[in-house]
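Quick notes on the structure that follows.
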Amino acid sequence: MKNVFVHPTAQVETVDVGEGTRIWAFAHVLPGAHVGKDCNIGDHCFIEGGARVGDNATVKNGNMLWEGVTLEEGVFVGPHVFFTNDLYPRSQRLPEVRNRYASKESWLVPTLVRRGASLGAGAVILAGVTVGELTMVAAGAVVTKDVPPHALVVGAPARARGWVCECGRPLRFRHGDSTCQSCGAHFREEGKEIRKIEASRQG
Amino acid sequence: MKNVFVHPTAQVETVDVGEGTRIWAFAHVLPGAHVGKDCNIGDHCFIEGGARVGDNATVKNGNMLWEGVTLEEGVFVGPHVFFTNDLYPRSQRLPEVRNRYASKESWLVPTLVRRGASLGAGAVILAGVTVGELTMVAAGAVVTKDVPPHALVVGAPARARGWVCECGRPLRFRHGDSTCQSCGAHFREEGKEIRKIEASRQG
Amino acid sequence: MKNVFVHPTAQVETVDVGEGTRIWAFAHVLPGAHVGKDCNIGDHCFIEGGARVGDNATVKNGNMLWEGVTLEEGVFVGPHVFFTNDLYPRSQRLPEVRNRYASKESWLVPTLVRRGASLGAGAVILAGVTVGELTMVAAGAVVTKDVPPHALVVGAPARARGWVCECGRPLRFRHGDSTCQSCGAHFREEGKEIRKIEASRQG
């Protein structure tokens, strides 16, 4: 792996880490995990074989990315976010359920976090959901169903509270239009979602 | 300890670990902790002296099992579950409260998780509760009081939402009876709890 | 550093740790972090440059104290409390937001926890709040605004549920006065806060 920084205390067992990525203290990346280019993987993280982290992602400390979890480009995972990959978890060693865990097909449920989304500290992401592009999941929220792009979701279970800009700030809409007070980007409501209006298309 | 796998980065200071158990990277098991047979203790776990883990338990990554916490056989502890052992915690080093922490009797409150129960990712288990046999605590739930066997509890504070089979799936009851759609086990309501009906006793 | 215990697996890169402090396994303290005297820093903690921990603090396992977080004397931080220092987090590596992260002034928001306060297991403390002296934040609470001294706050978002004594026990008020049933300290309501009445001023 070219130009990858691995802290001396980290354990990196995969060979699939992109250029420019840094992996910090006491992190553990297993064989078969994919980590893209220019990522930052914080202390005490655990990335399992089969998990995929896109380029330019920031994975803060203490995260566990299980098999079945995919993060697209530029995702922000706050400290100690909770991913899961089984909706009815039991100890595989319990005699009553050993059959269920004989093959992954019967329990493994994937999770997808789309480009540029942010997951706040301590958020819980239930297996099976898709978190939309550039979404903002508030700290401590419990996400139990899919979240549309640019949505701000809050609480347990997480509910839509509004929309956010690509820069992360809340957007206020008037007559279906919004201009971000912070970065000036333009958005329009379209059905139940919002869409960015590129500069060249305005007016 | 016979046939125990300890990752080279783990620190295991107890001698009381059962055969077939595996303890993973950066985990720390203190003197006086008990870990049963055929357990799996994930990365970055911490098991304190006086904590007890039964056989066949799965303790996912990042868990902290304090003195006073007892897990019976076959318990599933999801990632980063929060156990506590003090209902009125203060820094023991604060002058105002040093007397209170002079002996454990004045602050240490035990927690019991019964056979085969599952604790979802990021659940909070307050000191002093008993989580019943084969219970399912949802991810992110805050358990503030005892939970009966086979219950599904959800939310903060955790409330009963229904019943689950030993295989983990929700059960639907009609006229006090239920057959699991997934594994075929039979259950009957009895007062405020449910009981499994063994095959030999049916009809 | 005189009389500081550092576990052989811990990484301590600051030189600013007070006498009598103990730092446990797999903890990582960065250059520029301040840790006071007689503190206990649990396993798997992470203390970033710019974070400040006062004397006599108890920081339980798995905590991450980011730049901008200040704990005064005698604070108790339960297991895996979630601090944050950015209200609109994005991956700094995402092209759309690189400008925002060019300087700390545009994103870094400080947090202050005052003397003797307790933060329960898994509590979430949003960037920008001040947690008052000897406050008790319940396990799993999500603190989104300032908390007055001696308050007990619970839930998500955290709401005031009553008052606590310096010893941590709930206080019951009658006609604006309260005597702690546990330690005998006296308190009086004053406007929207409470104040301890010193023995010499009674009657």
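Annotations
For clarity, chains are labelled A, B and C in written order, and residue numbers in each chain start from 1.
Everything below uses one rule, namely that a residue touches a chain if its C-beta (ideal position, glycine included) is under 8 Å from a C-beta of that chain, and two chains touch if they have at least 3 such contacts.
Quick caveat, the model's predicted, so the values are computed rather than measured.
Shared contact partners of chain A and chain B comprise C. Different-residue interface: chain A and chain C share under half of the residue numbers found at their contact. Chain B maps onto chain C through a rotation of 120 degrees [Cα fit, steps of 5, range 0 to 180]. If you average the Cα atoms of chain A and of chain C, the two centres end up 27 Å apart. Within chain A, contacts with two or more other chains are made by residues 26, 44, 62, 80, 122, 156. The part of chain C that touches chain A in the complex is made up of residues 11, 26, 28, 44, 46, 62, 64, 80, 82-84, 88-97, 100, 122, 124, 126, 142, 156. By the touch rule above, chain A contacts chain C in their complex via residues 9, 25-26, 38-40, 42-44, 55-58, 60-62, 73-76, 78-80, 116, 118, 120-122, 136, 139-140, 155-156, 164, 166-169, 183.
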